[in-house]
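You will see two complexes here that share subunit A, one where it goes with subunit B and one where it goes with subunit C.
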Partner chain A sequence: MYFKLAWRNIWRNPRRTAVILLAVVIGVWNMIFAGALMRGVEVGMIKNSIATLTGNIQIHRKGYRHDPVVENSITDPKEVEAAFEKILPPNAIWTSRVRVNAVASNARHSSGITLVGIHPAREAGVSFIGQAINQGRYLVPDDTYGIVIGRALLDRFETKIGHKLVLMSPTPDRDIASRAFRIVGTFRAEMQSTEKRFAFVTMPAAQQMLQLKNSVSEFSIVLPNSLDNSRLASALQSVLPSNYYEISTWRDLLPMLDAYLKLSDGFIYIWFVVIFIAMGFGIVNTTLMAVFERMREFGLLKALGMKPFWIIREVLTEAFLILLLGMAVGNILGFVSVLALSERGIDLSALAAGTEFAGMSRMLYPVIYAKDAITANLVVFVLGLLVCLYPAIKAARFTPVEALTQT
Partner chain B sequence: MFIDVKMAWRNIWRNPRRTILTISAIAFASLLLVFMLSFQFGSYHTMINASVKINTGHIQVQAQDYQDKQSMHLVVNNPKAIGNILYKMQGVAAYTFRAKAFALVSSKERTYGVVVIGIDPATEAEVSTLKSLIRRGSYLPQDYQNQASPPALIGNLLARNLHVGPGDELTVLGQGRDGSIAATVVRIAGVYSSGMDEFDRSSIQIPLKHFQDVFAMRGAVHEVVAIGKSLKHVAKIKNETAAEINRRNLKHPLVVMDWEELMPGLRQAIEMDLVSGIIFYLILILVVAFSILNTFLMAIFERTKEFGVLMAMGTTPGRLTKLLLIESVSMTAVGIVIGIIIGCLVTWYFQIHGIDIAGSSEILKQYGISGRIHPQLSLISAISGPAVVLLITFLAALYPALKVRRLRPVEALGHM
Partner chain C sequence: MTQGLHTPKLSVVILFLSIFTIFGLQAPAKAQDGQVLVEAAFNYLRDKASVSLVKMTVHRPDWQRVVTIKAWTLGEKESLFTIIAPPKDNGNGTLKKGREMWMYNPKVNRVIKLPPSMMSQSWMGSDFSNNDLAKSDNLINEYTHAVTGTETHEGKTVYIIESIPKPKAPEVWGMQRLKIREDNIFLEQAFYDEDLKLVKILNFMEIQTMDGKLYPKKWIMQKADEKGKYTIVEHKMITFKESLPAGFFTLSNLKNPRR
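Our next item is the complex of A and B:
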């Protein structure tokens, strides 16, 4: 009965309802859309960082993270592999690497880089390098002298595929090991700094050069489509002795990114409230005017014996219906526009240096998080009803005599 | 005209509640825009100044291609001559010379490949903030001839990786400009921390004189770094220096680069931030405009009978439109003025006291912002946002104002 009455009331003046609906729709659409853009930036950053040799979870020997040298390698990788057999979910993929700082030089240039020894096939599934080769070829398992470097490093060294590159790095005995590699391919990465920093050789080549026997520097695990790794991390923790191994999730490995994500969470919700305030003025104003227009009607209702509380309920029910309708349309618009953009993504390559500086990826794919959509709708709904309380109370306060004399 | 304005003004206040709500919406939007724009400009200013002062300076004179290739063979042969040009120029606050080479740096236990930078201790302190960033030990002394080995500065992250601190020795091994082996032993005088990880991890500083001896530079340097009295002077310094250098017709061409060219990422990041900010503000203004359009449409529906009377008495539709537009503009104007005044006061308060961005300091440090952000109130930040609000609300009011022209007096009079 109330709903029916309210529903008919809001369509007594369709133009007014349409205008207020439009304000709600634009507000909700904007909250969903802007939220999706910001989340898109975040997801791009996370994916990019995980693919850049981070993974969801990494395992190091204790001390390696603060002092990344060959002495701090894991000497018995079999132990970790056995633990993986037992614990990892079937969709998880993992690899091990040797990773040390090294100096690369040719006849004319030298520069500090990170030397990464990889299992070519396994690595391709885990990190970006599998799809990043843009010239030459990727490593094969028996490449004892092949090396893959970033395009930017190749340019900086003024060299070509097929030419030699000498790498130098300290061994566990504190000698300097050096070995000449031949460049077999180059890779492209989202960030130029990645291209300048990493050089890939095969695992046996790295172990031989650095006199490492079977030791590795790290294990990296990737869980497709999942960003929450705390459960797996603690499971690994319980199996691997904690006085020797250190298990870190990407949140531990990338504290900056983690801090950024928290900041941006806060920003999204502040933005929701700001938009609501802008929209709220319109909602209050229109509802207020609608109430004043109907002063006579409310007076009459009261004269007929309607209690003030019922009038409040009536006005709020009308607001409720309008909000509900506006939210429905706003959500649909939001989802449709995000869907349309997320197919192709937004290309930011024109600002490549800027995206790199900010640590963003070049392609932006908007994503809607359920919690954002829910928060946005809750903000509109709860605050919307709250601000409509003011006109509702106004309406309930009209005295019959005063109201009936109004024309 | 005067009577129209008077009528409009009285019409606005016929329903004070509605008007106040509408004005509040406009004031809120204007206030927010003034503050946010000032905040953005303030943080850009901080970012630029911090990055410039830690590292690049406002402008640099380098050999052509040095910026891309960082090859130690691309040098400025006669830095004194460039120094003289800068010395005479107005607007230059200070300048210094730097030379850079890649080298292996070893402590007793560790070896890392880093960039060794030769700096002139006295002038470097005027150009960059390096001296004030020393956390342990001391800055490079002016005179080190009587010490066993020359002094060096090192970033805190590199110091941690090398397991060294003030007083420890480092062996530097690299290649000189002529291809000879460059080797030296230096003693760490101080450890600095800029907060920018990349910088703190990858370089050591030694006295320029010593650098030139070890790396066989024959008096040459790689960068002449200058800092202007303020950002505004940069363009002028750049042009004049470039003109002066061109006049000399050097055999090895030199280029003058400003901070935007030296740090293209910083400029683009600022642009990106500004553009995304503007998109968000436009959406906000759009939402506000709808609430104003709303009020206007309602006001006009309510007053249909009144317009009918006015028309019946001979008021032209044009005058009605004008009347309504004056109402809209004056209402917006009041809102904007209130918004600007409050916005400026709020911004001004924070400009003096700064805003503490708690919890995010780790991030901001990477962009060179440490501590507080001071918004920067300027004519642009105070006016441009509200001006757009005025424009868009005017457009929003146009529709209802033009709609009245189609009213027929007879029908309108019959309207309840």
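Our next item is the complex of A and C:
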């Protein structure tokens, strides 16, 4: 009965209903879409950070993270590799690296960089460098003097492929090791700072230069499609002696990003509420108008013996139907527009300087999280009904006498 | 009459020609080993040991700074520099032993060992880099030298030597072109990048007798593409010694140099 009455009442004044519907549709669409954009930024940042030599889990010697010097290298990598054999799930991929701060110089320029000694084939699966070569070639295992640097560093040093780059870095006995490398290729990265920072050489070249024997600086594990790695981390912790090794997940390694993600969660919900407040005023206003317009009707209903509570229910049912309709359309619109954009992404290269400062990637792919969509709909539905309570109560309070005096 | 005059002239010409030919033949024979030339010149410049007083002028388009430095050197490995004027900078010192360098600043009473990151930076604000000092002997060990020509300077033969770093040498230069006079005096050291473009050039001038041997009194280091920026090192006094006491080049002497 209520539903039938409400449904018919809604369409008694289609234009007014359309206005409320529009407010709801735009509100819901905006919540879904803006949420998806923000999540897209997040996912891009996480992917980017994990691929930039971080990985899901890293293992260092204790102390390395506070003082990344060669003395704090893992001297027995075999022990860690044996632990990996036992514990890692089959889809995990890992590699080891030598990573030290060094100074690169040529005839005209010099600059501080991070020297990374890698296993070329293994590393390609773990970090961005495998797909990032844009000129020249990638390293091969017996490249004892080859080096791959970022495009931005190449430009800054006014040099070119085939030219020499002299790297200097302290050895474990506090001597200065220096070695001349030839640039064999350049890479492009999401961020220019990455291009300026990292220089890749082969593992044997780095170990030989720094007199490291078999030592490595870190192990990096990548677990596809998994962001919560604390369980695996603690499993590794139980196998490797904790007084020597330090096991960190990407959340430990990138505290800034972790904090940003937490902040961003809260921010999205605040955003939902802000949109709702704007939308809510529209809903209340229009519903209130409708109620006042139908004063005589409500008076008549009351005179016929309808209880105030029933009138409240009546008005709320109308609101419920409008909200439901608006949410359905808004959700469909939101999902369709996100789908359309997630295919090709949004190119932010024009704003590269700004996005880079914020640590975002150049391409933005909107992503809908189920929890965001549900929250958005819940907010609209619950708060929508709640604000309609005010006009509903107003309607319930009309007395037949009052209604009669109204023309 | 004309015939009569011609004959002695001709004989003189022939005499000179033959002398030149002898010298000309001798010169390449002597010059064949660029390595020997460079080592000899390097050892001549550094000598066994020396104590000197040097005025260093760092010139920039809008300012200029002059410091007076007392310097001790031993062979090609060890040296100690300390600033004695102006008073503001008095006591600032640099100690070099082999490839390592330390700097001392009396104001903070601290000795720092130069980390790799500072090695390619300029030494005391001059156009010399710390590497120029620390790795000066790389020229002997890490390069192959080839004599490519000769010219004359004050009546003496000057060998032009092109020094190319050995393939794996940790040297940033693509080439150095040296001019060494036959009496083992460096006249010029030019630094080129890998495209063989000139980066900077060190000229040795005002060759005169100092403490009993010919020595370039004035050295000018100049960046090729920055006009108006140069550093002049002028030797006020230099004494060459057989040796300096063992243990002279120490950190404690860096802090309290003997005057």
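Rule of thumb we're sticking to: the second predicted complex is superposed on the first by the 403 of 407 C-alpha atoms of A that agree within 3 Å, B and C clash if a C-alpha of one lies under 4 Å from a C-alpha of the other, contacts with A are read in each partner's own complex, and residues count from 1 in each chain.
Just so we're on the same page, a residue touches a chain if its C-beta (ideal position, glycine included) is under 8 Å from a C-beta of that chain, and two chains touch if they have at least 3 such contacts.
Predicted, not measured: the structure shown is a model, and the values here were computed from it.
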| item | value |
| --- | --- |
| Clash or fit, subunit B versus subunit C on superposed subunit A | clash |
| First, second, both or neither for A:Ile221, with subunit B first and subunit C second | neither |
| First (subunit B), second (subunit C), both or neither touched by A:Val166 | second |
| Subunit B versus subunit C as contact partner of A:Ala102, first or second or both or neither | both |
| Partner chain(s) touched by A:Tyr145 [first = subunit B, second = subunit C, both, neither] | second |
| Residue contacts with subunit A in the superposition, subunit B compared against subunit C | B |
| First, second, both or neither for A:Gly112, with subunit B first and subunit C second | both |
| Touching partner for A:Ala358 - first (subunit B), second (subunit C), both, neither | first |
| Touching partner for A:Arg179 - first (subunit B), second (subunit C), both, neither | second |
| Touching partner for A:Ala6 - first (subunit B), second (subunit C), both, neither | neither |
| Superposed model, subunit C segment overlapping subunit B, candidates 127-135, 145-153 or 235-243 | 127-135 |
| Doubly contacted subunit A residues - partners subunit C and subunit B | 102-103, 108, 110, 112, 168, 170, 176 |
| Contact set on subunit A toward subunit B in their complex | 13, 15-16, 19-20, 22-23, 26-27, 30, 34, 66-69, 101-103, 108-113, 156, 158, 168, 170, 174, 176, 255-256, 259-260, 262-263, 271, 274-275, 277-279, 281-286, 288-289, 293, 348, 351-358 |
| Residue ranges of subunit C touching subunit A (in the complex, touch as defined) | 99-100, 115-117, 119-121, 165, 168-174, 191-194, 199 |
| Partner subunit A, residues of subunit B touching it in the complex | 17-18, 21-22, 24-25, 28-29, 32, 68-71, 102, 104, 109-114, 160-161, 163, 174-175, 202, 264-273, 280, 283-284, 286-288, 290-295, 297-299, 301-302, 359-360, 362-363, 366 |
| Complex contact set, residues of subunit A against subunit C | 102-103, 105-108, 110, 112, 145, 159, 163-164, 166-170, 175-176, 178-180 |
